[in-house]
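Two complexes, one shared chain (chain A), two partners (chain B, chain C).
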Partner chain A sequence: MKKRVKTNIGSYIFLMPALIIYLSVIVFPVFYSLYISLFKWNGIGDMEFVGLNNYINLFVSDPIFITALKNNIIWIVLTLVVTMTIALALAVMLNKQFKGRTFFRGFFYFPCVIAPIAVSIIWRWIYNPSVGFINEFASLLGLDFSQSWLSDPKVSIYAVFVAALWQAVGQPMILFLAGLQGVSTEVLEAAVIDGANGRKKFFKITIPLMKETFVIVIATLIVAAMKVFDVVQGLTGGGPNNATQMLSTYMYSQTFTYNNVGIGTAISCIMVIIMMLVIVPYVSFTAKDD
Partner chain B sequence: MQGKQKKIFNKTALYVILALLALVWIVPVFTLVVTALKSKQDFYSGIGLFQLPENIAWGNFINAFTKGRLFTYMKNDLIVSGFKVPLGILVEALAAYALTRLNIKHKTGIFIFFLIGMMLPMQAALVPINIIYSKLNLLNTYFGLFYVYIGFGISFGILILRGFMKGIPKDIDEAAYLDGCNKWQMFLHVILPIVKPAIATLFITDFLSTWNEYLLASVIINDNAMKTVPVGLMTFVGEHGTDYGYLCAGVLIAIIPVMIVYLFFQRYFVEGMAGAVKS
Partner chain C sequence: MKSKKIISLLLASLMLLSVIITGCGNGGGESAESKSGTETTGTSGGSGKTSVTFWTLSTRQEALDEIAESFNAANDDVEVTISYYDTDGIKDACKVAASSGTLPNMWFNWGGSLGRFYVDNGATYDLTAYAKENGWSDIFTSGSLSLCTFDDQLAGYPTSYSVLNVYYRKDIFEQYGLEVPTTFEEFEEICATLKENGVTPISTAGLNGWHVMRFVELLVEYYAGEETHDALSTFDESWDNEYVIKALTKYKEFCEKGYFPDGFVTANPDDTRLAMMTGECAMDIQGQWYDGQILSDGGDLSLFGTFALPTSGTSRVSAFAEMTQFNANNSAEELEACMRFMDYYYNDENVEQYADFYNLPLPKIGSEAPEKYINIPTIMETAETNGTFTITDQAFPSEVADGLFNVQDAVANGEMTPEEGAAAIQAAVEAYQSK
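Moving on, here comes the complex of A and B:
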C-alpha cells in the first residue's frame, strides 16, 4: 500500500518540468493580463482601477479597434475561402501518381519554412510602386499602370493577404494530403463501379470521408487568422491609416508604442475569448477518441 | 484507346497547371535573388528588375553579413535554438511519457489543459512576461528567450509525442519491468528510442519555428548584440529601408540556413507532419 503511493509521486515528477514552465510562461501570465486589463496604466506609473471600462471603451468608442476586429474577420473569411480552396486543389493534384510529385510537394511547401518577417520584406519589394515586380511585370507586358499596393487603404489588406497566402498555403496542403491518403482506394473503386464520375466521386465520397481533416484544417486556419501578426507588422505595421490593423498589431502598438498597457492587455484578453470560442469545440473533438 | 488519350491529356494538363503555379510561386524568390545582386548605383541608373547588372554587387552580401550584423543575429538565433529545441523536446517527452504510461490521475484533463496553450495568442502573455523579466533582469538574455520559447512549444510537443507514445503496445512496459527496468530506465532505453521518428520531426519543425519567431523576441530583446534573425532583419530594414539590393542580400543570407535544413530534411516535413497529424 505504502509502496504504491510512493510510485505515484515518482510518476508526477516526470510531469513537473513541463507543468512548471507551462504555468509560468502561459497560464500565470494570461491571468495576470486579465488583471492588468482592469486598470488604466501606462506601464510605469500608478495603476488606476477602471473595472471593465477598457473593454467598454474599445467596443463603444474606438473605431480603430472595430476596424481591427473587422479585419480579423475578413482575414478568417479569406483564409477559409481562398487559402483552403487552393490548399485542397494543390493536395488533390499532388495526391495523383506522377513523376516529380515529391518535388512539387516540397516546392509548394517551402515558403512555410521562411520567417514571416523575411517574407514581408520580400513582398514589400514586390509591391514597390515604382520598381517592384508587379508593376515592372505589367510594364513589360505593355500595360501602363503603377498601383501603390500597400499604401492604398482600399487594397492594402488584400495585398498583405496575398503575401501571407504565398507563405501559408503549404500547411493546410500537407494536412489535406494526409487526409487524402487516409481515404481508402477500395471505397473509391467501388464508387466507380457504381457509375460515379470523377467530380461526383470527389464531392460525394472523398470530401465526406475527410470530415476530420476539414475540422482540423478549419480550426487551425481560424486560430492562425486570429493570431496573424508578423506578416502584417512587417509589411504595413497596421497602416495605411489603420487599414490593415489587426487585433494583434493593434494590441502591440497600444501596448508598446502608446504605452496604453491596460487597453493593450484588454485587446489581448478579447483575442483569448474569441479563440476560446473556436478552441473549445476543437479540443473536445480532438480529445473525443480518448 | 479513347480512355488512354484522355489519361495522357489529363496528365499533360496536370503538368501544365503545376508548372504555371510553380512559376508564380517562384516570383518572390526570383525577385529576391536578382535584386540582391544589384548595387545602389544600379538602381540610380534605372536598371530594370529583369536586367542583370554589369558588375554583380557581391559587396551587398559582405556588408550585410558584417556591417549589417547578420553574423551576430544568426549566431544568437543558433544559440537560442540550440538550447530551446533539445531542452523543449526533453521536457515534452517526459510529460508525454507520464501522460501515456505512468500511473497518474486525470490524464485526459491534464492533456487538455496543456493543449489549450497551443491556441492561445502569445499577445495574452506578452505584457506580464515583459514585467516579470524586467524585474528578474531576464530581458536581453538567451535564457529569457529560450525559456518562453520552451513554454510556448510545450503544447504542440506534448500533442505529437503523446500521440506516438500512445501507439506503443503496453506489453513492452511489462517486459521491461520484468527485466528490472525502473521508470527512468524505461523512458531512456525503451520509449525514447521507439519515438525517434517523432523526435526527429519535432526537432526540425521546432528549430524552424524558433529560428523564425519574431513577436516574443521583439519584446524580450532590444540590444543589437542579442537580437535574433527576425528582429535583426526588422532593425536592418529600419536602417537601410531604401537600399533594396543590400536589404535583399540580407534577407537571402538570413533564409539560407532554413533552406539548407529544408532541402536535407524535406521528408520529415511532408511525410512527418502528415504522420504526426494522423496519429
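Moving on, here comes the complex of A and C:
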C-alpha cells in the first residue's frame, strides 16, 4: 500500500526566503551571464548579438586567454599536488597528541582568516628584491643571491602560488583533520594486529576511509584554484607580461577595464564549464562505490 | 500545538513578505532611469534635504572628510557622502557602477580615453549649457575646459591640469657633481654616474604599467619627434617603426644597466616615493602633486628639484587633466547640490588650508600655487615654454595601453626584442581598431 506523503505547506514557506535569495543572487546572475556572453556589449550601450563568436575568438585568436588557461591548469595541478599534500601532512601531524597541539592548529589555520589583499601586501614585502625577507636572509647567510621573485616571468607564478599556499593550506587541513578523527581506531588497531606497519595503515586503511573527505577537499580546491584572483591581482596584476595572468584576472580586465562585457562573461562561463567537466565525473566516480 | 504552528507560519510569511518588499523597494526618494540605465544614488524631496554621493581618490581623504563635514554643517539642505578609492580602484569601481546603473552623483575622473568612455555612453551630464549660464569661461582656463570637452560636450568640472617633470634629489646630484641635463646624452651620463656610485638613477614601478610608461613615452618623444609622436598617439602612424624600436632599445639598455630598481616590473607605484625619500633613487617622473605628497610625508622639499627631460624639439612634457564628472541622470536639485559642493571644495579658503591635498595650481584663471610648493612654478613653466603632449594612457584606449604595458614588461625581462615589442604594440592597436 502506497504511503501518502503529507504536504507540509509550512516547510515551503520557511524555505521561500532562502530560495528567493538563492535564485536572485546566484541562479539568475549565472543564466544572465550566459545570456550576455552571446553579445558584444560594453556594459552601458546597446547589445549586439554575436552568438558563439566570443567563445570562438577566445580559443582561436586570443593568445592571452590561452596563456591564462594554461596558467590556471598549472595552478590546479600545483594546488592538488602541493596544497593538498601539505594540508594532509599537517593534519596527520596535528592529529597526534603532543603539547601545544591546539596552538599549532591555530597557527597553521590563522593565515586562512587574513584578507587576501593583506596577504598580497605581506608577501609583496617578503619578495621585495632590495629589502625583502628572503633576499635579506640569504645575504645574512653570506649567500650571493638575489632574485626578483615577482618580476621574473619564469618564477613569478610559483612565487605567487607560494603566497596563496600559505593562506590556503589551513582550510583543507581542518577538513582532513576532521576526516582523520572520523577514522575508527578499532579498524586501525585490527590492522596493527594483522601486522600492518605505519605506511600500510595510512595508505591502505586511513586514506580509503577518508574518501568522502577527499571528495570535498578536491572539489573545493579545484573550484578555488579555478577562481583564484585576489592574491594574483594584488601581487602582480597578472604580469609581468601575462606570466601570472589567470582566467579570473583576465575576465576582470576584459569586463571592467576594456569594457568587453560579452567576452568577460564568456570567460566566466568557460571557467564554470571546465570546473564542471572536472568535478562532476570525479564526484560521480567516487560516489559510484557507495 | 496548533497555535504554535499558526504563529510559526505567520512569522515565516512575515519574513517572506519583508524579503519581497526589500527586494522591490528603491530605498526611498526619487531616482530616474535614463537611456543608459544610470540611476542616481542620491535622493531628494521628502525631507527637503538633497543627498548626493561623490567618489574620489583616497589620497584626498584626510582633507575631504573635514571639508565635507564643514560643508554639510553649513548647508542644511544638502548632504554629501564621499567614498574613496585608489588610483586603479576608482577606474574599476566606476566601470562596475556604470554597468550596473549605480554611478554616484559625481565622481573623480581623468581626461582622455578614461573620461571619454562615460561621455560616449551617455553616462555623464552635458555641462555645456550650465557652463555658459554660469560663466565658466571667466572662471576656468580655456585649456582645462577644452581638455574636459569631448565632441563639443563639456563633460566635467575641471579640477586640475597636471604636468609631469623629472623630480630629482638636488643633494645627491650635488654630492656627485651633477647638474640638470640639457641634452639626452647628458641625462645618460648622469644615470651612469649615479649607478657607479651605488644610487639607482630612476625610481619607477611597473605594476599596472603607467609609471614605467611615463619614461617610455619620453623616449618615444625623443626618437620620434613631436609630430610623429602625436601621430602615434592618434594611431595615424604605425607603432611598428624605427623610432619606437629605438625607444624600446634604449629602454632595454636602461633596464640592463640597472638604471631602475631591482624587480621594478611588478613593484607598486605607490612605493616610488619611498625610494626617493631614502636616497636609494635619485629621480622620479611625477606631476606637481609630488610637492604636496613630499610635504605631507614630512619630507624636506628643499632637497627636491625638477627638470623637463631633454628630448627632441622643445622637450615637451606629458600632461593630463582631471575633472569631476556628473551623473547624466542627476535631477536639477542634485546637480545644483553637486556644484555647490564642488565650488566649496575648490574655494580659496579650503585650497589654502588643505593645499597638500590638491593638484595646484587649480585650472582657474589667475590661480597660483602656495609659495611652499617650490617646484610647481618650474613645472608649470615647462608646460608653457616647452609645450605638452597628452599622457599615453589617456590618449590610448585601455586595451591598447595594456598592450604597451605588456611590451614594457616583456622588453625589460628579455622576453621580447624591441622589434617584437614595436610590432606587438601595433598589433594591439590593430586588434582594437578591428573590434
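Criterion: the second predicted complex is superposed on the first by the 266 of 290 C-alpha atoms of A that agree within 3 Å, B and C clash if a C-alpha of one lies under 4 Å from a C-alpha of the other, contacts with A are read in each partner's own complex, and residues count from 1 in each chain.
By our rule, a contact is a pair of C-beta atoms (placed from the backbone, for glycine too) under 8 Å apart; a residue touches a chain by one contact, two chains touch by 3 or more.
Keep in mind that what you see is a predicted model, and the values were worked out from it rather than measured.
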Aligned on chain A, chain B and chain C: do they clash or fit? clash
Under the stated touch criterion, which partner chain does A:52 make contact with: chain B (first), chain C (second), both, or neither? neither
Applying the document's definition of touch, where does A:239 land relative to chain B and chain C: first, second, both, or neither? second
Tell me the contact category for A:148 with respect to chain B and chain C: first, second, both or neither. second
A:60 contacts which: chain B (first), chain C (second), both, neither? neither
Could you say whether A:277 touches chain B, chain C, both of them, or neither, answering first, second, both or neither? neither
Name the chain, either chain B or chain C, that contacts more residues of chain A. B
Should A:17 be classified as contacting the first partner (chain B), the second (chain C), both, or neither? both
Check the residue A:115 against both partner chains and state whether it touches chain B (first), chain C (second), both, or neither. first
Tell me the contact category for A:81 with respect to chain B and chain C: first, second, both or neither. neither
Identify the partner contact of A:26: answer first if only chain B is touched, second if only chain C is, both if each is, neither if none is. first
Running through the overlay: 98-106, 116-124, 188-196 or 350-358 are the candidate stretches of chain C; which one clashes with chain B? 98-106
Same chain A residues contacting chain B and chain C, which ones? 10, 14, 17, 21, 24, 128, 252, 255-256, 261
In the complex formed with chain A, which residues of chain B make contact? 11, 14-15, 17-18, 21-22, 25, 27-29, 31-32, 35, 43, 48-50, 91-92, 94-95, 97-99, 102-104, 108, 110-112, 114-117, 119-129, 131-132, 147-148, 150-152, 154-155, 158, 183, 187, 208, 211-212, 214-215, 219, 229-230, 233-234, 237, 244, 247-248, 251, 254-255, 258-259, 261-262, 266, 269-270, 273-275, 277-278
Please output the residues of chain A touching chain C within their complex, sorted ascending. 9-10, 13-14, 16-17, 20-21, 24, 42-45, 124, 127-130, 146, 148-153, 156, 235-237, 239-242, 252-253, 255-261
Quick check on the complex: what are the chain A residues that touch chain B? 7-8, 10-12, 14-15, 17-19, 21-22, 24-30, 32-33, 36, 90, 93, 96, 98, 102, 104-119, 121-123, 125-126, 128, 131-133, 136-137, 140, 166, 174-175, 177-178, 181-182, 216, 223, 226-227, 229-230, 233-234, 247-248, 251-252, 255-256, 261, 264-265, 267-269, 271-272, 275, 278-279, 282-283, 286-287, 290
Can you name the residues of chain C that touch chain A in the complex? 5, 8-9, 12-13, 15-16, 19-20, 23, 36-38, 91-92, 95-96, 98-99, 117, 120-123, 206-209, 261-268, 280, 397-399, 402, 405-407, 409-410, 412-413, 415-416
